[in-house]
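Right, one structure below, let's go through it.
A, B, C and D label the chains in the order they appear, each numbered from 1.
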Amino acid sequence: MVTRASIGPLLNVLASGLLLISFAMLSRRRTQRLIILFAWQGAILFLSTCLVAYSSGLTELYYSAALTLILKVILLPWILHRLISKLGAQWDSETLVNIPTTMLVGLVLVIFAFGLTQPISTLATTITRHTLGMALAVILLAFLMMITRRKALTQVIGFLAMENGLFFAATSATYGMPMVIELGIALDLLVGVFILGIFFFQIREQFDSLDLHHLEALKED
Amino acid sequence: MRGITFVRQFGEVVLAIAIAPLFAGWIAQCRAWMQNRSAPSLVQPYRMLRKLFQKDAALAKNASPLFRTTPYVLFGTMVLAAAIIPSLATDLPFARAADAIALIGLFATARVFVSLAAMDIGTAFGTLGARREMMIGFLAEPALLMVLFNAFLLSGSTALPSLVEFYNAHRFLIDPSLAFAAIAFVMVLLAENARIPIDNPTTHLELTMIHEAMLLEYSARHLALVEWASSLKLFNYACIGFALFIPWGIAAGGRNGSAATLLAIAALMGKLAVAGAALALIESLSAKLRIFRAPEYLATAFLLAVLGLLVHLQIGAR
Amino acid sequence: MNVHFLISGWPGHALPSLLLIIAAWVVIGLAGLLRPHSLRFVAHLLFPLGALGCLCVALLAGTFLVSGHEPEVLVLPLGLPDLPFHTRLDALSGFFLLLLGLAGAGISTFAAGYFRSGEGTAPALLGLQYHVFLASMAVVILADDAYLFMVAWETMALSSYFLVTSQHRIPDIRRAGFLYLIMAHVGAICILLSFGVMQGGSWQFTFDAMRGASLAPVWATTAIVLALLGFGAKAGLVPMHVWLPEAHPAAPSPVSAMMSGLMLKTAIYGMLRISFDLLHVRYWQWGVLMLALGLFSALFGAIFAAVQTDMKRLLAYSSIENVGLIFTGIGLAALFEASNMRLFAALALTAALVHALNHALFKSLLFLATGSVLHATKQRSLGKLGGLIRRMPWVATLALIGTLSIAGLPPLNGFVSEWLLLQSFLFTPQLPHAFINMLVPLGAAALALTAALAAYVMVKFYGVIFLGQPREASLVEAHDANWLERLGLGWLALGCVLIGILPQLALKAAGAVTGKLLSETISPGFSIWLIAPVTPEHASYSALIFLAGITAVIGIAFVLVRILAHGRIRRTAAWDCGYPWQTSRMQDTAEGFGQPIRHIFGTFFRMERHLPSPSDKSPHYRIHIEDKLWRAIYLPIGRGVQRLADVVSVLQGGRLSIYLLYSFLTLLGLLVFVL
Amino acid sequence: MEILLVLGLPLLGAVTLALFGARRFAPELNVGFSLATLAAAALLVLRVIHYGPMLIGREQFFVDSFNVFLVALTAFVGFTTAIFSRPYMRIEELHGSLNSLRLRLYHSMYQLFMAAMFLALLTNNMGLLWVAMEAATLSTVLLVSLYRTKASLEAAWKYFILCGVGIAQALFGTILLYFAAEQTLGREGMTALLWTHLNAVKGHLEPRVLGLAFVFFLVGYGTKVGLAPLHNWLPDAHAEGPTPVSAVLSGLLLNVALYAVIRCKVLVEGSIGVLLPSRMLMTFGLLSAILGAFFLWRQRDIKRLFGYSSIEHMGIITFAFGLGGPVANFAALLHMTVHSLTKSSIFFTAGHASQAAGTQNMDGIRGLVGVSPTIGWGLMLGSLAILGMPPFGVFSSEFLILITAMRGHPWATPFLLIALGVAFAGIFGKVQPMVFGESDAQPLPHSPALVPVFVHLAMVLVLGLYMPPALAEWYRAAARLIG
């Protein structure tokens, strides 16, 4: 039975977990692993949202927590998993930048994010104020991942991880956005993933591979 | 009173027409002497004109009206020029009609017409002559204008009579700029009148000739007019020179009695005689230049004129 | 209507009637679309109507000028919400409208007889573009706010572009049009920016506001420089001239006439409007700048015209020369004005204005003449013409008048303006600036050289086209112009002669302008015979006496010759120093005539010469002359842009990761920026 | 009420066309719905003119002079594009590049896209604005990839990823905004994201937060505006999608995205002052204008060419908004209008031109006036209009922008001069040979619908010479609103 007092530190722990997972995503090569990590991220997000909801006593946050559970822990990983097994794209080829460098850059990004959010996070009234920087860090790391990866699928995972970061930011900074917006975001996310699914198949039947270097024909030459 | 001036004007023109060939003849005579040849008589040009006037005009088949009118236009312009230039007196009713710049324009008109006429028949030499004539023209005009500029700056007027009046006012004015200008003017005069070193009035060696090349197709009375016009041109240039640089003797400053006129005529004759001799001397001493040395020659003239101008501006800043 | 009514010139009502005429032009243009392909309807009905409009414009503007009314202002309920169209008729615009009307009447009349069906664009479209062109030029002159001015200005460029490319199937013509429109557009932007400098504040874009605005010296100079760039690009000042020798020849001849004769003048108008009216000349350096550009353009144009082998290109370059002369006059005027020598400023400005008027007349005349020659012979190259004076006496005679006037020979109109210009040069030694008062007088020499070169060019032009023997067998069935064309040519020639022998008319018109701009006019004291700009003692010129004198002498000489001698004539073959078998090929070609120029001014050109070797079976001589500035300025610009474009296109490398990186870096950059 | 119509009709259309989109009469249906939407929009406009700004739906929707004119514009261009797309898509079908199923997708997505844009324009809720923008992206992604060719797939993919990521940044911006607003407005009543409320209290919002938020907004929505260097998706999407889609993308979507940016700018300026945002906008604007112009220089694909020209013009508009002040804002709004009218009409003609020539490669398109004078002159006049040739309206806005810039920020004018000059040479040098000269193309199988083209151009022409007082008043009000 957690007391409200101990929630703050607990949340910080979870946030650090998110950050850790983002780094792990940067380093992983196997797509399967990435998906699992993504699911984990979702799970942590779910937990933290529940905690925030519990601490702030806002019922609507429970809804969004549930939404997270369904969408990000179960549905999306499952869809991605199916996709992979259908397309047989378990392995991600070499990243564009080698992983240690990526890590270093990621570290710099984290520092940057923290430095950036320090002044404003003090304004926050929420118990989770210090996690805003973490959220931003997660977003930037996901961005970095999208830049460094070659496969369409990993890019998508990066994209979803970014959404996670945003969601986390929303909950931690402001106890979540109004419900309408939450729903809208969730809906967009879902549609987006479905469209991506369609895309993958089209891309595959056109290029019989999901490697992005096939998608570099349109350029100024 | 006005009547008198008109009479004087008329007289001056007639005199000019009359003695222009004489001047040409005189120069030819001096040249002959200097090159110790037996000289033709002074009136040789008149005989020439008479002969030409009596002959039938042989006209090329495809000659256009332009070709036939040109000699008259040429003659007309030169006579008009003679009427404008104060060779004897300054109070000429005609002189107001055109100042020195208009005079240059007048000469240009003559040049353009003769060149066009030369191109009219469409023979090789005609067009060649026309081209060269126009070339000399555009090379000479800037120099001439600069020369005139000198004089204008002195007197503050482009009207030749006022110039002469001005000189009469300050009789013994010595302006170094004029010296430069005078030399430049002589060079231009030689070039413009198809004399050595630019052209040779007596040659008929096709490849070297300029002025003569344009007249090849003319004969009889047309030729006579053209020749007369060119001797008039030489005369006019001489008179311009006198008016600009040695205007002594010209009836000016309201002295327009018959005595003054007679004096003026005498002075003019004297100047012509000297000038003719000088010209002949120059021509005998110098050799004809290649056609493409002409630019350098006239550039020198231009340079001298500009030097004169600058000198004047330096001193004239008094 | 009674005569008095005419002369009094509807005090306060000239402007509305002018605007009505302008509207009428547009309507005339549109009317052509009713019967798009009927040449007779468009050419023989609409164009004469347009010419009538031109006459009315000339009449209105002339009466306005002589009656010396106060400026008329009219605001139309069009344009931008807070910036309706302002129009204004004052002396300056009146003068240029007079010019437009006089020359335009001749050109339109000629055009009525000129346009043939099946030549490029459909007649109706041509008619529309033509009349819109005409109207837009008039509006440019009448505009009194930056917006209307720019709209009319660009409309003018656009309509003329379409006219130029009316035979768009020929690649060269397309290229010419392209170059023209680009230069026009960039120039227009410069003008716009110049207005931007002069504006009175937000929404204060009327000329009145600009007159009132106070500018720091640096900004005023910026405005002048920008204006000089813009208007210079339109007027063909070197080095913004490159489009002109391409575009003017490409157009149908009446359009070439319009562009050379009228459109260039709108640029002159704009320059005058800005430098003398909007920001009253402040610093003598402006004058020196314009003077230098003008003189150089004049010389440059004359030299290049002398070596051309295409008759319309030759005329185009001569336009550059004349514009140069006009700018010389403007520069002198500015120089004097800034040094408080009002009278001399007025003299120089008068010279410039009169020369603008003259150029409008004789350049249109010559371009139209080339049009007739073109239709009669289908030849543009001087190398294939000759002897047309016998086939087309009318055109030849009228063209001779144009030739003599443009060569600046008394007693025709070209001489008047050059005379005035030289006169104003005579006072430059009195300028109160060291060096300037020594250097500028030398400009007079350059001017003289230019004038003489112009004579050279025109002898070449006329001699090679109309004189000599036909260089092509086909020339023998060349036909003379039809009556409408003759009428148009005759009108313009008449103008040249009239202004030549009665310069007082032009001087009075110009005097009205200088009176308003410089509050000083050159001495009104000249009688009907005599013009004496400053004082009769100083200098005087009387074309009338001049002409009378020459004609009298010629007549007397003729009569005397006939009385004392005889009039017998024997027609024979040409003598030519007794050389037999001369063919038409032995005459000087256009190239040959250009040879001395190439020799003397070689540094100006970039020449590629192909000379035959003595052993050639079929020797032929080819020379290609190029403008050095093209390679010196324009090609580098083009290459630079190309290179930049190549560099830029690296941004679009096709790699998604890189694209993402861009937005990532942008994000980080901006975040750092706000920190 | 009208607002609901404006929002609902396209939605209804989307559903209906999703059902009947494959039928023969689907294009007519599409036109019909667009027409109905236009009518509704017209009603809305009338209402706003009479009763002024209004808020409805528990303040979730609102109309003021700024967005109502964009609504009208969007509805109008949407309608004309529907008219154009009727014969165009038929010809595509004849050419066999599409089947009826794809057409169904096309039609319903088209309506959905319209609905999304109307939502983005009309909502008062910054969160909903974000949702709508995302929805607009998703609906157009499928349109861009309609042909299912490699190129179109690649274009759509890039479009999706880049805009998705961008939009994600915008979401973070929204969160920050909410975070800041919550301090002053509190969570109750969900007013913390309502623009009107935010606008009311913008003075009290925490500057540091809003500064950050603006950066995220700018990068996020700026990506959709196509500001360089975030523009990379734009030319691909424009070139590879069906022409009607290119037309609405260029003509409408970019405007809507810019609208979003400006809404944020208004809020942010209230808090952190004018300097920073206007600097950013001006910089982005100039950069986009210049880069766009230089990109034009070496294009081969006609639609790509005009895609880049859109980047250039969006740059100019952004720059104008950055300048600020009554004149510049007025000019920017005017430029938005004339640009979308002109650009869409250009895309219409370009589409038919490439259909006639059988290729989008400009070297293959020659002498259009010979083939079909209407297409040829349409393209020529349209290009001249977009290049800022008077008497077309684009000139009047560029006139105002340049002349104002010369007064306020002279340093910028050389760049603008370069951009305009280079763009002129780039576009005109390619359009002229396409329009003029000899040609060997065949006339189209289906008579093209060029009425929209000339209607658009006529409107642009009128705007250049005369602006109805009502419209002017409208622009002024909007300009005041933007400040």
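Heads up, the rule we're going with is that contacts are C-beta pairs under 8 Å (C-beta built on N, C-alpha and C of every residue); 3 or more make two chains touch, one makes a residue touch a chain.
Predicted, not measured: the structure shown is a model, and the values here were computed from it.
Engineer: What is the set of chains touching both chain B and chain D?
Structural biologist: Of all the chains present, those in contact with both chain B and chain D are C.
Engineer: Fewest touch steps from chain A to chain D?
Structural biologist: 1
Engineer: Per the definition at the top, count C-beta pairs in contact and tell me whether C-D or B-C has more.
Structural biologist: B-C
Engineer: In angstrom, rounded to a whole number, how far apart do the mean CA points of chain C and chain D lie?
Structural biologist: 44
Engineer: Please work out the Cα centroid separation of chain B and chain C, and write it as a whole number of Å.
Structural biologist: Whole-Å distance between the two chain centres: 36.
Engineer: Report the inter-centroid distance (CA atoms only) between chain A and chain B in whole Å.
Structural biologist: Each chain reduced to its C-alpha mean, chain A and chain B end up 101 Å apart.
Engineer: When the C-alpha atoms of chain A and chain C are each averaged to a single point, how far apart are the two points in Å?
Structural biologist: Here chain A and chain C have centroids separated by 70 Å.
Engineer: Give me the residues of chain D that touch two or more other chains.
Structural biologist: Where chain D meets two or more other chains at a single residue, that happens at 157-158, 161, 165, 212, 235, 295, 298.
Engineer: Which chain C residues sit where two or more other chains touch them?
Structural biologist: In chain C, 649, 651-652, 656, 660, 667, 671 touch at least two other chains.
Engineer: Please list, in label order, each pair of chains that touches.
Structural biologist: A-C, A-D, B-C, C-D
Engineer: Could you list, by residue number, the parts of chain C that touch chain B in their complex?
Structural biologist: The touching residues are 386-387, 389-390, 400, 404, 407-410, 415, 419, 422-423, 426, 429, 437-438, 441-442, 444-446, 448-449, 451-453, 455-456, 458-459, 462-464, 467-469, 529-530, 536-542, 545-546, 549-551, 553-554, 557-558, 561, 564-566, 568-577, 579, 582, 584, 586-588, 592-593, 595-596, 599-600.
Engineer: What residues of chain D sit close enough to touch chain C in their complex?
Structural biologist: Interface residues on the chain D side: 157-158, 161-162, 165-166, 169, 211-212, 214-216, 218-219, 223, 228-230, 232-233, 235, 276, 280, 291, 294-295, 297-298, 325-327, 369, 384, 387-391, 395-396, 399-400, 402-407, 410, 413, 417, 420-422, 424-425, 428-429, 432-433, 436-438, 464-467, 469, 472, 475-476.
Engineer: Across the complex, what residues on chain C touch chain D?
Structural biologist: It comes out as residues 78-82, 146-147, 150-151, 154-155, 158, 165, 168-169, 171, 174, 177-178, 181-182, 185-186, 189-190, 192-193, 195-197, 199, 201-203, 205, 641-642, 644-646, 648-649, 651-652, 656, 659-660, 662-663, 666-667, 670-671, 673-674.
Engineer: Give the list of chain B residues in touch with chain C in this complex.
Structural biologist: 53-54, 56-62, 64, 66, 72-73, 75-77, 79-80, 83, 94, 96-99, 101-102, 104-106, 108-109, 111-112, 115-116, 119-128, 130-132, 134-135, 137-139, 141-142, 144-146, 149, 152-153, 156-159, 162, 204, 206, 216-217, 219, 221, 225, 292, 295, 302, 306, 309-310, 313, 316
Engineer: Note which residues of chain A are touching chain C in the complex, please.
Structural biologist: 96, 112, 116, 143-144, 146-150, 155, 212, 215-221
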